[in-house]
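Pasting in a structure now, in structure tokens, and then I'll have a few things to ask.
Chain nomenclature is as follows: A, B, C and D, assigned in order of appearance, with residue numbering initiated at 1 for each chain independently.
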Amino acid sequence: MISKEEFLKKLERGETRLHELENLIFESLGKGDDKWAEACSAASAVRLAFVEKIKSKKLNDIKTHFIDTAVKPGVVGIENQIGGAVTPLGIAGPIKITGDYAKGEFYLPAATNEAALIAGLSRGCKAINENGGAKTTVTRNWMTRAPVLDLGSAEKARELADAINQDEKFYEKVRAAADLESKVSKLAFIETFQIGKKVWLRFAFETGDSMGMNSVTKYSANAVKEIKKKFANAKLVALSGNMCSDKKSNHANIILGRGKSVEAEALIKREVLENVYRTDARTIEKINFTKNYQGSALSGTMGGFNANAANTVAAMFLATGQDAAQVVESSSCFVTAEDQNGDLYFSVSMPNLEVATVGGGTNFATAKECLEILDCAGAGKKPGDNSKKLAEIIAVAVLAQELNLLGALANDYELAESHIRMARGK
Amino acid sequence: MISKEEFLKKLERGETRLHELENLIFESLGKGDDKWAEACSAASAVRLAFVEKIKSKKLNDIKTHFIDTAVKPGVVGIENQIGGAVTPLGIAGPIKITGDYAKGEFYLPAATNEAALIAGLSRGCKAINENGGAKTTVTRNWMTRAPVLDLGSAEKARELADAINQDEKFYEKVRAAADLESKVSKLAFIETFQIGKKVWLRFAFETGDSMGMNSVTKYSANAVKEIKKKFANAKLVALSGNMCSDKKSNHANIILGRGKSVEAEALIKREVLENVYRTDARTIEKINFTKNYQGSALSGTMGGFNANAANTVAAMFLATGQDAAQVVESSSCFVTAEDQNGDLYFSVSMPNLEVATVGGGTNFATAKECLEILDCAGAGKKPGDNSKKLAEIIAVAVLAQELNLLGALANDYELAESHIRMARGK
Amino acid sequence: MISKEEFLKKLERGETRLHELENLIFESLGKGDDKWAEACSAASAVRLAFVEKIKSKKLNDIKTHFIDTAVKPGVVGIENQIGGAVTPLGIAGPIKITGDYAKGEFYLPAATNEAALIAGLSRGCKAINENGGAKTTVTRNWMTRAPVLDLGSAEKARELADAINQDEKFYEKVRAAADLESKVSKLAFIETFQIGKKVWLRFAFETGDSMGMNSVTKYSANAVKEIKKKFANAKLVALSGNMCSDKKSNHANIILGRGKSVEAEALIKREVLENVYRTDARTIEKINFTKNYQGSALSGTMGGFNANAANTVAAMFLATGQDAAQVVESSSCFVTAEDQNGDLYFSVSMPNLEVATVGGGTNFATAKECLEILDCAGAGKKPGDNSKKLAEIIAVAVLAQELNLLGALANDYELAESHIRMARGK
Amino acid sequence: MISKEEFLKKLERGETRLHELENLIFESLGKGDDKWAEACSAASAVRLAFVEKIKSKKLNDIKTHFIDTAVKPGVVGIENQIGGAVTPLGIAGPIKITGDYAKGEFYLPAATNEAALIAGLSRGCKAINENGGAKTTVTRNWMTRAPVLDLGSAEKARELADAINQDEKFYEKVRAAADLESKVSKLAFIETFQIGKKVWLRFAFETGDSMGMNSVTKYSANAVKEIKKKFANAKLVALSGNMCSDKKSNHANIILGRGKSVEAEALIKREVLENVYRTDARTIEKINFTKNYQGSALSGTMGGFNANAANTVAAMFLATGQDAAQVVESSSCFVTAEDQNGDLYFSVSMPNLEVATVGGGTNFATAKECLEILDCAGAGKKPGDNSKKLAEIIAVAVLAQELNLLGALANDYELAESHIRMARGK
């Protein structure tokens, strides 16, 4: 067995590269299946020591917060791991929810660096609870990937699109290829978009409780291979052609759906608005119109017709092990606020919540525990049940936070004052 | 001194509320200034115990990853803390950078749940290094907040806008009010936008090395108070009017700037493209056009003319304690790829990198250490130097990741295969 | 019979209102069916005389260019007509087209005030002809209207959407209602979009050779009435809910189709680029990327990835009697320019050409004649044939004009010089 | 002198090309300055005869509606003219306006093929008049052109941008070059935008009463030539780089201004809403929110937060000789509707009205007369006065039409019924 110090020296001398450590240590440990996690952990420690040496600094926190992401022999979780990055985790709520999947009272785990966020979220929950809680429903649910092919001419490109849309036998072959390697996922439909000689094929899959990006990429690749049997001259330009569209602000996802589309709503009584927010329904309605619609329209947004949905989405994504980069489109949100004779009808529409309770970061340490707090860790009874439940809970949390921020803004300078007060005395 | 168990019972009986624990325990500890952190830590533990009891589950990881965010007596860091949320942290690079602020070789800390991300980032760094590294520069730098006021008529609204834009004495008063409470920040300019009887005032501040959202909110509030001395009938609709625009996809930030605007570029030689990516400059150029421009145009994006900038932005934001919700607009990115006689000119333009090295989550545990790895923890010699350095490094990391993904896509199915291979054998 | 002078005096004394003239004169003429056009013409003359008197100016041109738009007794064409507005009409081309519907050589009528437009269009046609002309195809064809209904709760709104999407019997009833009063038009499909308690129902109809806006509004109203039988509490907020979306820049039309989606393409040989434009394919490709994609991306466009498609669309819309306000979305256009070993692959994708050869202004005087020049006046052999032909011709004209403008821009200052030279010596 | 028949034969035999006729006939007439208009008219007639022969059809209306656009010897107005295209012209109003430039009562000339448009416009005017008319003001006024230059590297590109923004002497030289050939126009400012190695320079000019597109293109070209003296390696990619942005939907114009930015507003009393529209302020407010904001947000618009602004803009542009292609961005419009204790505050914000009273089509026949009806033909007392007046009038017309359409929509199916009723009995 080779010592950590020796591996460290190998790194320093350039004999070993950072990403080779897992396998080398695994070998040095004798390669037993049970040794893989140990090797990964040791590799992580050696790399961290290497960085500490280069920077002449101790990195104790990174070391302390290491978590085991080893998967199985030969497969690392995250490459070149050196430890963990930690974000403060708080709890808001509870909030009463009546959803298709989420039913009952939930405490909301939220990981954030931002003071006032959890306090605001809790206050929003309180206001909603006083009226019996929020209702929520999932209206769409699929994950997409859109390869782009170059057919050489618009005529040929159209032929391909027509074959997908009109030739049932051909479609069936493509569908079969798409579903071939899948256990849980199922192709739902394909949409075609053409620019000149190129066609984007937007594959939409139901992916159970996993977010599904990686698997649908593979399944789409399989479908493309099938397509190329018939369209031999089709050139695959890119397996992802940005009509998917992943991790970029975009409007296609809003129109066509990606991830879960969720509605959440509540009625807030006049007295509650007065007691909790010293305001009234008409004022909230006007702020929503002026800020979330006119202001956002002026800013040129796609789907950003809300006050701060991303805050809640990011905090709950971090807590529950979602892909933080998907906060970009998952935070698309349309707020409705309507004065109904003094009471406030309040809703959020979230067209693109890309969440999972299986796979990715959801299996790791604190993420798994946060999902357990929400009673939706792992696969649901029926595929998709747990991830839809999670989506409903997050939508309701956004509802609470949006209500709270509009309520705060109704009091002129409260936004500034509360942030400053809570943001550690700066 | 009251024991944890007793506080737990108080919570259960509803006698104490979750957010009251810090102060109650602080009192019970005798209120010494040195007791605050202890009180916060204990409060966190009690709350976690409470959640464990309700859910009948042990939440050991959340407990283990607790980090101390206590600020000073009476000021909690994050409300209702119960522990920490941990994300695997890896290291990519090194990458050679010649920037205005970032100079030298940097290892890139990246926190992510996504397999293949760090491997890809490292491969991109390697390709760039073989041509001498990347160049980078910061072209704009300010933080904005845009209150919206209702003047009652378009005529009056215009008067306010004109006063800001044309009345130098009035502007000077407003500026003085905006800068009154500030130590580091300085008002740079105000832009006005009108819809009917309402005016949005977009205040832009230079904020040193802090991200600045909270402070500019306060300073904008002060400016609004000054404005209302002259325009007594102006009604503040919302201190944030969504022309700021924070945490929503939007185009105003791209045009007008928010956070740091950074350019990063490199020339990739023909041989490197062949060796590292088995491809050539013309192929990369065409993928960039078809995917990042035509595909993104088809998807209806604002600023999402890239392959996956958000992945890198999110991973480095998480590592360095930035606001994860700001990944939304910070990941705006325009990629240029041009075949220059077989070599590849490659650049990314990132108009809105909202980053800090001071304040917010940057002081916490692992975030601080990650900033130290990048030699830019805390305030720079001149205000802003460190945060600009961080922005340059992140832009170069995005450059590397974008190059790598386009290179991978050039090999037909590699994207699918590498993700699957690396994503723990699903 | 009452004289024109008497009617004029009645107008002046306020005894008669401008829009009443047709009926009053019709009565005074004795109301024969054959008198209606005469009455309309006389009413127009009286109104013009009234305006002349008020302004103390002779308006001879408006009088000269009067055209008869009378329809049938009791139905005026355009209300309050006083004459006609004339735009210079020129002819470009001919251009060789191989389309699904347009086949042969076509002279292109174009109405415009802009010097250089027709010259540029002709030069583009010439370049395309030298390579055998352009190919074109129509890929989608429907007209849409999207009423929005308020269901009171998100739950109920979802029920309505589900009924449309999943309840075949209900859908069949709605379809029957939509098609009830239609002779030519046919409901193609309905798409549903939800925000909170509201649902937008996007009805798509095939409308033969008419543009179809007005008729689909009526048919959608009939469908809504049927829907309200089942959903009695559904409140119709607006029969047009802006998801249609008519006469506003928007991305939904691009994704979902509205009007005709047309592709047009041509290969331009190296020598032609040299001879006609003193440039080469690579230069055109780079201008297209930098201007039409990076520049347009920077400007924040929806569908404006072209140089000046609207110029050609507007000029041919005016010539052929289309709705000028629909230039807004009909001019959406994506240009592709690819250097293929020195030759240039060039295409335009126009997702939203809203054109007709029947109804609206297409029956009037010069419009009808321009349609005759294009051999597509009136209804086609099969419904839709003529309007698709027109759409193909316009798309090819756009192709020619785009090619020409990029070619002009390749010569540095030619754009400025040619406009100035041609724009009457200013 | 050569006869028309002979020229016709020359065309048929291919000896003469269509665009050569003006000069050939001019020569045949002896070339006197007074012969140019005659030559242009004859050339037009010969070309029309040629088209008639080819198509074997008489085109009498095109001939009848010919208008003289000849400019001066050697300069044609519109190339290849064959006659005129006519659109029915009606008159709406009068409407009372209190603007900065438009003061008094105005009849509104509108050219359109759409039944119900003028009736609706008139009804809107009536409702506004009953409350004393509309107020309006012009808040911004400039025309822009944005060349794009390639500097080879981001560093160099930044240098250019910095020189424009910070080097006063250099800026002064560029300004002088921009203004050198101008009589009326004046450079107002330059804004810079960077993507990688490229810089867009957005020149903004005040252009008096002309729309200014062509002249600012020339002046921008002059400025670029001056810039290239200092930045010799700067490559002009395109004199128009689509950040101008002309005739494409875009958000930059909304933020930065192009053409005239105009506000128009009115208060509509409760009784007027009841009498004219059988509705109330709250209903109008809710339709505006649901349709013009939520619906438009859902549709993914840039600036299309209105019901049908383009209808009015197009109709008045056609009437007054504006550039019909500029309806695209000129119709950007944000509607505000607010219930104020039963009365309705109603406004439209039009950020981009690109209009002229001098040059282009404004000098021609009916266009000039329509401008005379509005008392704003030709140059104003001070440069810009007349074009601003026209912009104010159009904005108020849009105000009236928007009010009317929302009022019609408040009555469920009225939209469908009125269009059908008015649209000639189809």
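FYI, contacts are C-beta pairs under 8 Å (C-beta built on N, C-alpha and C of every residue); 3 or more make two chains touch, one makes a residue touch a chain.
Please read these numbers as outputs of a predicted model, since none were measured by experiment.
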(request) From the options B-D, A-D or A-B, choose the one that repeats interface C-D, i.e. more than half of its residue-numbered contact pairs are shared. (result) A-B
(message) Comparing the two chain pairs, does A-C have more C-beta contacts than B-C, or is it the other way round?
(response) A-C
(message) Roughly how far is chain A from chain C, centre to centre by C-alpha average, rounded to an integer in Å?
(response) 41
(message) Report the inter-centroid distance (CA atoms only) between chain B and chain C in whole Å.
(response) 44
(request) Could you list which residues of chain D touch at least two other chains? (result) 193, 195, 198, 251-252, 255, 286, 294, 296, 298, 300, 302-303, 334, 336
(request) Provide the residue numbers of chain D that touch chain B in the complex, in ascending order. (result) 135-137, 139, 153-155, 157-158, 161, 193-198, 251-252, 255-256, 261, 263-265, 300, 302, 334, 336, 345, 347-349
(request) Would you mind writing out the residues of chain B in touch with chain C in their complex? (result) 251, 254-255, 286, 289, 293-294, 296-298, 300, 302-303, 305, 334, 336, 338
